[in-house]
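Order as written gives the chain letters A, B, C and D; numbering starts at 1 within each chain.
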Amino acid sequence: MKKIINDPNDVVSEMLQGLVKAHPQLVYFDEVEVIAKKDKAEKVGLVSGGGSGHEPAHAGYVGKGMLDAAVAGNVFASPSPDRVLKGIQEANTGKGVLLIIKNYSGDIMNFDMAQELAGMEGIKVETVVVRDDVAVEDSTHSTGRRGIAGTVFVHKLAGAKAETGATLDEVKRVAEKTIANVRSMGMAMSPCVLPGVGKPGFLLGENEIEIGMGIHGEPGVEKTSIKTAAELAEILCDKILADYDVTGNEVALMVNGLGATPLMELYILNNEVEKKLSKHNIKIYKIFVGNYMTSLEMAGCSITLLKLDEELKELLDAKCDTPAMKV
Amino acid sequence: MKKIINDPNDVVSEMLQGLVKAHPQLVYFDEVEVIAKKDKAEKVGLVSGGGSGHEPAHAGYVGKGMLDAAVAGNVFASPSPDRVLKGIQEANTGKGVLLIIKNYSGDIMNFDMAQELAGMEGIKVETVVVRDDVAVEDSTHSTGRRGIAGTVFVHKLAGAKAETGATLDEVKRVAEKTIANVRSMGMAMSPCVLPGVGKPGFLLGENEIEIGMGIHGEPGVEKTSIKTAAELAEILCDKILADYDVTGNEVALMVNGLGATPLMELYILNNEVEKKLSKHNIKIYKIFVGNYMTSLEMAGCSITLLKLDEELKELLDAKCDTPAMKV
Amino acid sequence: MDIKITSKEYMEYIELVAKKIELNKDYVTELDSITGDGDHWVNMNMGFQRVLKDKESLASMKLSEMFQKVGMLIMSTVGGSSGVLYGSAYIKAAKVLGDETEMDINLLCEVLEAELNGIMERGKAKPGYKTMIDALYPAVTRFKESLEKGLDNHTALQELKQGAIDGMNSTKEMEAVKGRAYYQAQKGVGHIDPGAVTMCYQIEVLVDYLCK
Amino acid sequence: MDIKITSKEYMEYIELVAKKIELNKDYVTELDSITGDGDHWVNMNMGFQRVLKDKESLASMKLSEMFQKVGMLIMSTVGGSSGVLYGSAYIKAAKVLGDETEMDINLLCEVLEAELNGIMERGKAKPGYKTMIDALYPAVTRFKESLEKGLDNHTALQELKQGAIDGMNSTKEMEAVKGRAYYQAQKGVGHIDPGAVTMCYQIEVLVDYLCK
C-alpha cells in the first residue's frame, strides 16, 4: 500500500486538521470529526456526512451557499449519532437543520438516531435521503438505490435555498425536488485500498472495468472490457436515460472522477457526454467536471444528470464559496 | 492501458473541446490547440503553455486574474511556435504579452521562436522562465532547474498585476520576483502512461517511491522506500529550505497532487507540512491543496513555497476566476 | 424470588456480559465473517469494554440516566450497525425507567420490550429478517406472556432465556433480509446470525445473574 | 559551372532530400534511440513530407517567401527540437534572400550561414556540443573559405559536402552537451549524432543536385 499517511487509524482526523489549516474559515471539532463554518449566519442549517474516503465530500462542501457542517465517519463507515449530533448543534441557529443523507443502511440508522437526539435537545431536524445511483436497486451497503455524486447537487441547491432565508420546510422541499430530479451512473477501472486493510478490496483484470460499481467498491452491474470514451458516454447515459427520460429538457451535468482518473480523461469524457446528450435533444445548462465524490484512489468516473426548471437554475447559479465548489 | 480516451492521437483536442464545453467563457482554437478568454480586457496579455498531461495546467488557469491564453502541445511535448504565436495573438490587446515558460529545452526554443514571430507582427512580447524545482540542477528535459507547480503562482501573481492595468515591464517584474521567490520539491509513487505509448515510462517497486522525480517521469534524486506523511513533509521541506532559507518569513504553500493521489492524502500531508514549517518559524499566509500541476495518472505530490512580501500578498489575494483556481 | 435491580447491580451484570463476549471472540467473528463483514465481535467487545471503563460512575447514576449514558457510550464507540442499534435500544429503555431507582420484574419486562422496539424501529426490521431481533423478540414475548399468565419469577425468567436461545437457533435456516448477510450468495442460510448470538448471550447472562 | 537556384529548383532539391531521408529510416531511428528518444527520423520525415505536399505553390513563390513558408511548415508539423531548429534556420535564411529570384553561389553561402546562425541562436549551442551544428558548421566554414580564396564553384561545393561528412563523423567521439543525449550514461560517446546525420544528408543532396 502506497499512501501518504501516518497511522491508518488517524487518517480521518489528520485529514480534517489538514483541511482547516488550508481553509481557516472552517473549524474542526476533534473526536467527533466535525467540520463547520466559523461564521454562522442565522438561517436553516445544512448538515451532511458519511464515511470518509469520498473527499472532497463532505467537508469540502462546507461554506457559504452549501453546507453548514459536515460529519465524517471512519473510512467507508458511517459516523456515529453523537458525531452527527455535534454537526447538527453546530449548524443550528434556531431555524432548524436539514440532514442530507446518502442512502446507505449505516448512514440511515446513525443519522436517524442523531435526529432523535437533537429532537430531545429541542432542535428541529428534518432529513432527506439521496438515492441517485441508477446502477443497482439494492446493494451491499443499501436497501434501495445508493446515494453518490448527485448528493453534491443537493448540497448546492438546498444550500442556496437556505441562504435566501427560507424556512426548514422550504429548504427541505428544494432538497426533495433535487433528489427527485437527479440520476447518476458510474464505472470503475481500478480498485481502492482501505488504509486500515492495506490491500485492494476487489480486483479487475488488466483490460477490465466494472460498470455501475459503487463508491465503496460494492458490486455493479457488469464487468466488461475497457471501452472508448464515446462508448462509455453511451453506456452511462443510456442507463440513466432509460430510468429517467429527460429528452427535450434542460439539465445540469456532472462528470465526476473517482479519485485517480486524470482531469484530461474527465474532459474527454465530458466532450463525448455532451455530444451524446445533444443527440437526445437534451440542453445542458451547466457542466461540472472534476473530483466531487470520490472513492479513495479508485480510477473511474460517474455521470450525473439533474433535470432543471427555473427555480433550480436560479439556485444552481447562486453564489457559493466552499473549498471544493465555488460558483 | 486503462484510460477514458478515444484515439490516443486525439487526446489533446478532445480534452480542450471538453474543457470549453464546461467553461463557455473560454474559446478553443483547433489545430493550434489554444484556449483563450472570450471577453478580452485591455491589459497586458498573459500566455503560458507546454506539453499536455499536466492538467489543469495550463488551460485551467485561463480566466480573469490569471492567463489570457494557454497553448497546448501534445502529451509531454512542447507546442510548436505557430501554436504559441496564436496564443500571443489572442492575448494581445495592444499592451504587449508576457510568455510564462517552464524551463524545458523544447519549450524554451519553441516559445522563443514564437516571440520572434510575434515581434515580426509588431506585437511586443516578453518572456519569463520558471525554474522552481530544487530537485536536480539539470534534467533529461532541461538545462538548469525544471519548472513545475510553482508556475501556477507565477500565473496568479503576474495575472493579478496585469489586471491592475500595469505595463508589460511591471507585469514582468512581478513574474520575475515570483520566480525568484518560489521553490518546489516533489516525489512520485507510481508511473504515468503516455496515451500514445500504452505502457509506463518507468517502474517503481511495490514499496518504492522516487524523491525529486519530474512531472514527465524524468529521474529524480533518490529511489527510496515508502515513507510516512510526516517523513515526506520533512524530506521535501528540508530540501527546499536547504536551497532557500525562508525561516522567519511569510510564505504561500501549495500542496500539489500529481494526478492519482487522493485529496485525503494531500490534506494529511498538508497537516504535516504546516507542522514542519511552524517548527522553522515560517508563517503560512495561505495554503492551496489540490491537483494544480499533474503528470497524467502519476501518484505523488509536490510542495511549493513562495516567499511573500506585502506586494505579493496583495496580488495573491486579488480576485481570480478560472476553471482551476478561484480566489 | 424477588427481583430488584439497581444501577449498581445492572453494572455487575454488564461486567459479566462483557466477560462472556470477550471469551467468544473466535466463534462470533467466524459467524460474521461467513454472513457479514467479520467485525461484529470487535464492535460488541469494544462497546462493552468502553462501558466498563465508566463502571463506577455509571453504577452511581439514576437508572434512566445510566441507561441513557450506556446507550450513548456504545453508540459513540462502536461503528457499524450494532452500535446504533444497541444505542437506540438503551436510550429507548431509558425513557420507560422514569425516576425509578430499581427495576422489579415487570419494569424489567417493559425495559426489554422498549429495547426490542428501539432496535426494530431503528433498523426498520422485523422478526424473521435473520437479525438480533430474532433472539430478542421471542425472548421478550415469552417473558411477557409468562408474567401475564401470573407464572412465578423464576419460571418467567427461564422462559425469557429459552426464548432467546430458541430464537437464536431459528436464525440458522433463515434467509437474511437486512444487513450485509442479505448480499451473500445464500443469504446466510445454514449459519446462525452473529447479532442473534450476542443478543442471546446478554439475555442468558442476565437470567443467570438474576437466578443465581 | 554556374549556380542559379530558383524556387522551382530548390523544391526539386527538397524532393530529393525527402527521398533520401525516407530511405534511411532504420539507421536514423536507431541512432536517436541510442542517444535520444528515438523520434528524430519521424520528425524529419514528417516535416519534409509536409513541405512536399505544398510543392506546387511553394515553387511559384518568391525565394524569401518560400523559405519563410518552408520554415513555418516544418515548425508547425514537427514536434521536438528539430522542428523549431529547422524552422528557425529557414526563417533566418528568408531574411537574407530579400527580393532575389535566384541564388548564386555567394548568396547560397550566405543562406547556409544564416541557417547555421539560426540554429545556433535558437538552440543556444555551439560546435562541439554533438548536434546537427557539428555537420553544418564545418561545412559552411569550408564553403565560405573556398569562395573567399576564389576557388571554383565545383571545388567549393565539394568542400561544403566534405565539411558536412567530416563534421558528422566527428560527432562520434563527442560528449553531448545539449539535448537528450546529454543525459545518457556515456553522453552518447561512440555514436554519431542523428541530427548531424540528417543535416549531412541535406548538404550532400544539395551538392550532388547542383553538380549533377
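Convention: a residue touches a chain if its C-beta (ideal position, glycine included) is under 8 Å from a C-beta of that chain, and two chains touch if they have at least 3 such contacts.
These numbers come from a predicted model, not from an experiment.
Peer 1: If you average the CA coordinates per chain, which chain's centre is most distant from that of chain A?
Peer 2: Chain centre farthest from chain A's centre: D.
Peer 1: Which integer distance in Å separates the CA centroid of chain A from that of chain C?
Peer 2: Here the centre of chain C sits 35 Å away from the centre of chain A.
Peer 1: Between chain C and chain D, what's the gap in Å when you average each chain's C-alpha atoms?
Peer 2: Chain centroid spacing, chain C to chain D, equals 88 Å.
Peer 1: Quick one: chain A and chain B, Cα centre-to-centre, how many Å?
Peer 2: Computed value for the inter-centroid distance: 29 Å.
Peer 1: Report the inter-chain centroid distance for chain B and chain C in whole angstrom, where each centroid is the mean of the CA atoms.
Peer 2: 59
Peer 1: If I count partner chains per residue in chain A, which residues reach a count of at least 2?
Peer 2: none
Peer 1: Determine which chains touch and list them pairwise.
Peer 2: A-B, A-C, B-D
Peer 1: Under the definition above, what is the set of chain B residues touching chain A in their complex?
Peer 2: Residues of chain B touching chain A: 2-6, 11, 14-19, 21-22, 52-53, 55-56, 60, 189-190, 207, 209, 226, 228-230, 232, 255, 259-272, 274, 284, 287-289, 291, 294, 296-297, 299, 301, 326.
Peer 1: Hey, which residues of chain B end up touching chain D in the complex?
Peer 2: Contacts found on chain B: 73-74, 77-78, 80-83, 105-106, 109-110, 112-113, 116-117, 138-140, 143.
Peer 1: For the complex, which residues does chain C have touching chain A?
Peer 2: 72, 75-81, 83-85, 87-88, 91, 122-123, 178-180, 182-183
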